[in-house]
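For clarity, chains are labelled A, B and C in written order, and residue numbers in each chain start from 1.
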Amino acid sequence: MNLPAPVRWLMHFFRPPHAQGLDLRRRSILVAGAAGVGSVLLVRTSAQGEGRTFNPALIRPPGSAPEEEFLSKCIRCGECMKVCPTNAIQPAISEGGIAGLWTPVLKMKLGYCEYECNLCSQVCPTHAIEALALEAKQKIRIGTAFFDRNRCLPYASARTCIVCEEHCPTPKKAIWFEEVQVMKPDGMPTTVKQPRVDPELCVGCGVCENKCPITDQRGVYVSSVGETRNAKNQALLDSGLGYGGE
Amino acid sequence: MNDGSRREFLKACALIGAAMKLGPFAGQEALAATTGPALSIAHFRSSPVGADAIAAEARRLTQEAVTGLGGMGRFVSKGDVVWIKPNIGWNRVPEQAATTNPDVVATLVSLSYQAGARRVIVSDNSCNPSVACFARSGIQQAAQKAGAECFTMEDRKFRKTSLNGKALPAWKLYGDVLGVNKFINVPIVKHHGLCKATLGMKNLMGVAGGQRNRFHQDLTNTLVDLATFIRPTLVVMDAIRVLTANGPVGGNLADVKRKDTVAAGTDQVAIDAFGATLLGYKPQEIGYVMEGHARRLGTVDFESLKPRRIEVG
Amino acid sequence: MARRRVSWQVWLRRIAQAGFAFVFLYVFLQAEYRPINRTGGHVKFFFLLDPLVMISSWLASHQMASGLLLSLVILGLTVLFGRWFCGWMCPFGALHNLITSLRKGTAKEKIATDGYSRWQKANYYLLGAILVAAFMGINLAGWFDPFAFLYRSATLVIYPALNDGAAWIFGRIYQHDPHIGSFKVISISEPVYEFLRRTVLSNAQPYFYGTVLIAVVFIAVVLLNLYRVRFWCRYICPLGALLGVAGKNPLVQIKRKEDACNTCRVCVVDCQGGADPEATERWKPAECFYCWNCQSACPHEALTFSIRVPGGKE
C-alpha cells in the first residue's frame, strides 16, 4: 500500500518499530501516575492548605494570585527573586507548605516591597504574579504591620524614634502617632511619640519593619493578614473586599 | 589691623582650626563667613507652570541666591574638589518634593566649574534603593549633563570618624566626602513627623552610614554633632516646592506647595531657621535649630544677619 | 592518542550552544532594576519557549500567559525534526555537556557506559507524575524544569557568590591600598571594579535564605556528569522527556552505511543522548540530541543524518 508520506509519518508515531520506541512499561506509567496523585493528596491534606490556617509569614509579592492558583502557576524559577531591588523576595522553605518550596515570599528583615516598583509582576513567566500597572499595585495589600509594644522603643523604653513613620510610603501615612507622657528610668516625665498602624491605609510593604533599629527582632513587623488576594485572611469587618460571607 | 594682615590672620585660624579637627571644611567656613553676606533669599514672584518654566525658574533662583552672597567665587577656588550633597534620599519624582530639585543641583555644578573647580561630585546615601533614587529624582541625569561625577555610595567606603560630639563620639562617614576641599549642602524643605521639619542639618545624615536609624533617639544632639563636624562651605536651600505634610517621604501631591524660593547661606542654623518659617513653624519650635544656636554653631535669629532679599520673575 | 579532527557539524553545534548560553547569561543579567522600573519581556525568554512550563501551568490552572504560546514553536519543531533543542539550545544542557567533556577514561570504558540504558526511562515517568499532579492542581514542574533549576541556582547561589567574591577581592585591594613603587594598584583595580559593577555585577549584594540546599543539589547534579554522560538530561529532565515524546518520530534520521561500518562502536563514545547510534534499527530518536559526535567520531565516515520520512522505503 503506497500511502502518502505525511500519513506514513503520522502512523509511525503510533506504531514505531519496537526498538525505536519509547519502550515504557505500562505498569511503570501507572506507578508514576499514582506518585503524582499521591503527592497532590499529601499536599492537599496538610494543615496549611487553603482556608484552614494562615501562616503570618506567607507574604507573597503584590499581584500574586490566590494561593491555590498561585501554586498551580508558579514554576519556582526565581525571576522575581532576581529582580527585586531590595532583596525582599526569598525562596520559601516551610512558609508555603511542602508544595510551596522555593516559591517567593517576602522577608522584611532583608528587604521591603518598594512602593514605586512592580518589577516582580513584570518578569513572572506564568503570571502567577499578575502583571500590574504601578498604580494598581500600590492599592494592593500584601499584609498588615503590627507593633510589638514590648520592643518598640517609645513604648518599651521611653525613647523617641518613629523611623517607621518616617519611611512609610503611602500618600497618607499608614503609621500615625500619639504624643504620650511617659516616665523615664530616672523617674522624670518625658513626652514620646508612640506609633500606631492604621490597617486601612497599610499596604504591608514592610519598610517599617526593615528600617526599625531593633535589629534582631523588630519592634514592628508585617504579617499576612489583610492581604488583598485572600478574602478569608482578613481581620477587619470593613476589609474592602466585600461582605460576601467569608 | 588692615585688610591684608586680617586675611593672613584668618588663614592662620583656618589652618589651626583644621588641625584641631573641627571638621574637614571648618577652615573654609571661617574664611567665607567674613567676606560677604551670611544669608540671601531669592524669590520668584510668579509661580510658573510647566516643566521647562519651573526648570528655568530653578536655575534663575539658584544663580540669584549665590550671586546675592557674592558669587560662587567666594566659596570655590581654582583647583578645588567640590562635593555637592543634595537630597537624593527617596525614590520619588521632583514633583513630589521629596528630593532636591535637579535644576538647582545642575546650576550649582555649573557655577562650581565656572569658579574653577577641578572636580565636582554629586552623591548622597539614599534610604530607598539608590539606583532608583538617583534616576527618578532626575538628579543623576541633571548632574551628569552639567559635567559632575554622580555615583551611588558603596558600603565599603564608609570610615569610622571621630566626631567628638555630645551624642556621637564617632560615626561612619563617607570616606570620599572627607577627602574633598569644599562641601555644598543642598537640602529641600520638608515636613518631618519626628522633628517637625527636615532642613539642612538633617540633610547631612546623607553623609553618614551604618545604622543611621538610631539617630532618631536623640535627633537634636546627633544632628548638631554632625553639623558641627561637617560645617559646609555653603548651604543652598531648595524651597521651590516644599512638602508640607506626610514628610519626609511624601507621595501625595496635595501635600506639595510652591514657595518659589531658593536661599543660600553660610550660617547653618540661620538658614534652617528661615526654612522652618516656610512650613509655618517658628524657628524656636525646631529642636536641633535651638541646639545649634545654644552651641553657637550659628544664630536662630536669621533676620539679624540682614539677609539679602532678591525678587525676580 | 591524537585527537581526530572534529566535523563542521559538531563545530556548528558548539557555536549554537555557546550562543544560547550567552543569550541566557544576557537575559539573566538584564533582570535587574537598571535603573528604571521596567524590564523587557526578553528576560523571560527561555521560560516562554519552554513547553513543559506551558503545559504544566495550563493543566494546573486552566489559564495560560499568552507569551507561553511561543513554546508551541519549539514543540512543533521538535515534532518535525527531533530533540535538537537539547543538543543545540538548552543552556543547562550545554553546562552538562561541558562538565561531561571533563571525564577521564579510555574509549573502551566509555563504550561500556555511554550507550543507552534502561534508566533513561526514568525522566519519562517523572514527567508522567508531574503532569498528573498538575492535572490535579499542583504544579511541581518548576522543581525539575531545567531553566527553572538553572535560573534559581544562578539567582540564589552562583550570582551572589560571584558578586561577593568580586567585592571581597576588590575590597581588600582598596583597603590595603598596595603600591608597586609609587604606582597605586587601586588606580587600575577601582576602574576595573567600576566597569564590572556597571556591566555584570549587581547593584547590591543579594542575600538569600536556604541557599545551602540549592547549592548542594546544583553541585550534585553537575558533578553527576562525571559519572554518566549528561546525567540530568538523560535520566531526570522532564522537559527532555516531553521533547522526547514529541520528537520520537523525527524527519531527520540517522543512517549507517553497512558496508563502511566495521562495528568498532567508537560512535558510542561521547554520544550525548544515549541513543545508540551504532545500529540504525536500534537507534532511539527520542533520546538523540543531534550532537553529531557519533558522525564526527566514526573513523570510516559510516554515519550520516538525513531528512526522510521514517517507515517508508529508503
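In this section, a contact is a pair of C-beta atoms (placed from the backbone, for glycine too) under 8 Å apart; a residue touches a chain by one contact, two chains touch by 3 or more.
Owing to the predicted nature of the structure, the values given are computational and were not obtained by experimental measurement.
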Chain whose Cα centroid lies nearest the overall Cα centroid: A
Of B-C and A-B, pair with higher C-beta contact tally: A-B
Interchain centroid distance [CA atoms averaged], subunit A/subunit C, Å: 31
Between subunit A and subunit B, centroid-to-centroid distance (C-alpha), Å: 40
Subunit B and subunit C, separation of their C-alpha mean positions in angstrom: 54
Residues within subunit B bordering two or more other chains: 129, 131-132, 136
Multi-partner residues of subunit A (at least 2 other chains): 85, 116-117
Contacts with two or more other chains, residues of subunit C listed in rising order: 33, 37, 203-204
Interface residues, subunit B side, partner subunit C - complex: 129-132, 134-136, 140, 152, 156-157
Of all residues in subunit C, those that touch subunit B in their complex: 33-37, 167, 171, 174-175, 203-204
In the complex with subunit B, residue positions of subunit A that touch it: 85-86, 114-117, 153, 159-163, 165-173, 177, 193, 211-213, 215
Subunit A-facing residues of subunit C, complex: 28, 31-33, 37-39, 43-44, 47-48, 53, 56-57, 60-61, 63, 65, 67-68, 121, 124-126, 128-143, 145, 147-148, 151-152, 154-156, 159, 203-204, 206-210, 214, 244-245, 248-249, 251, 281-286, 309-312
Complex contacts: residues of subunit A adjacent to subunit C: 5-6, 8-9, 11-13, 16-17, 19-25, 28-29, 31-33, 35-37, 39-40, 43-44, 68-69, 71-79, 81-83, 85, 87, 90-91, 93, 99, 101-102, 107, 110, 116-119, 122-128, 134
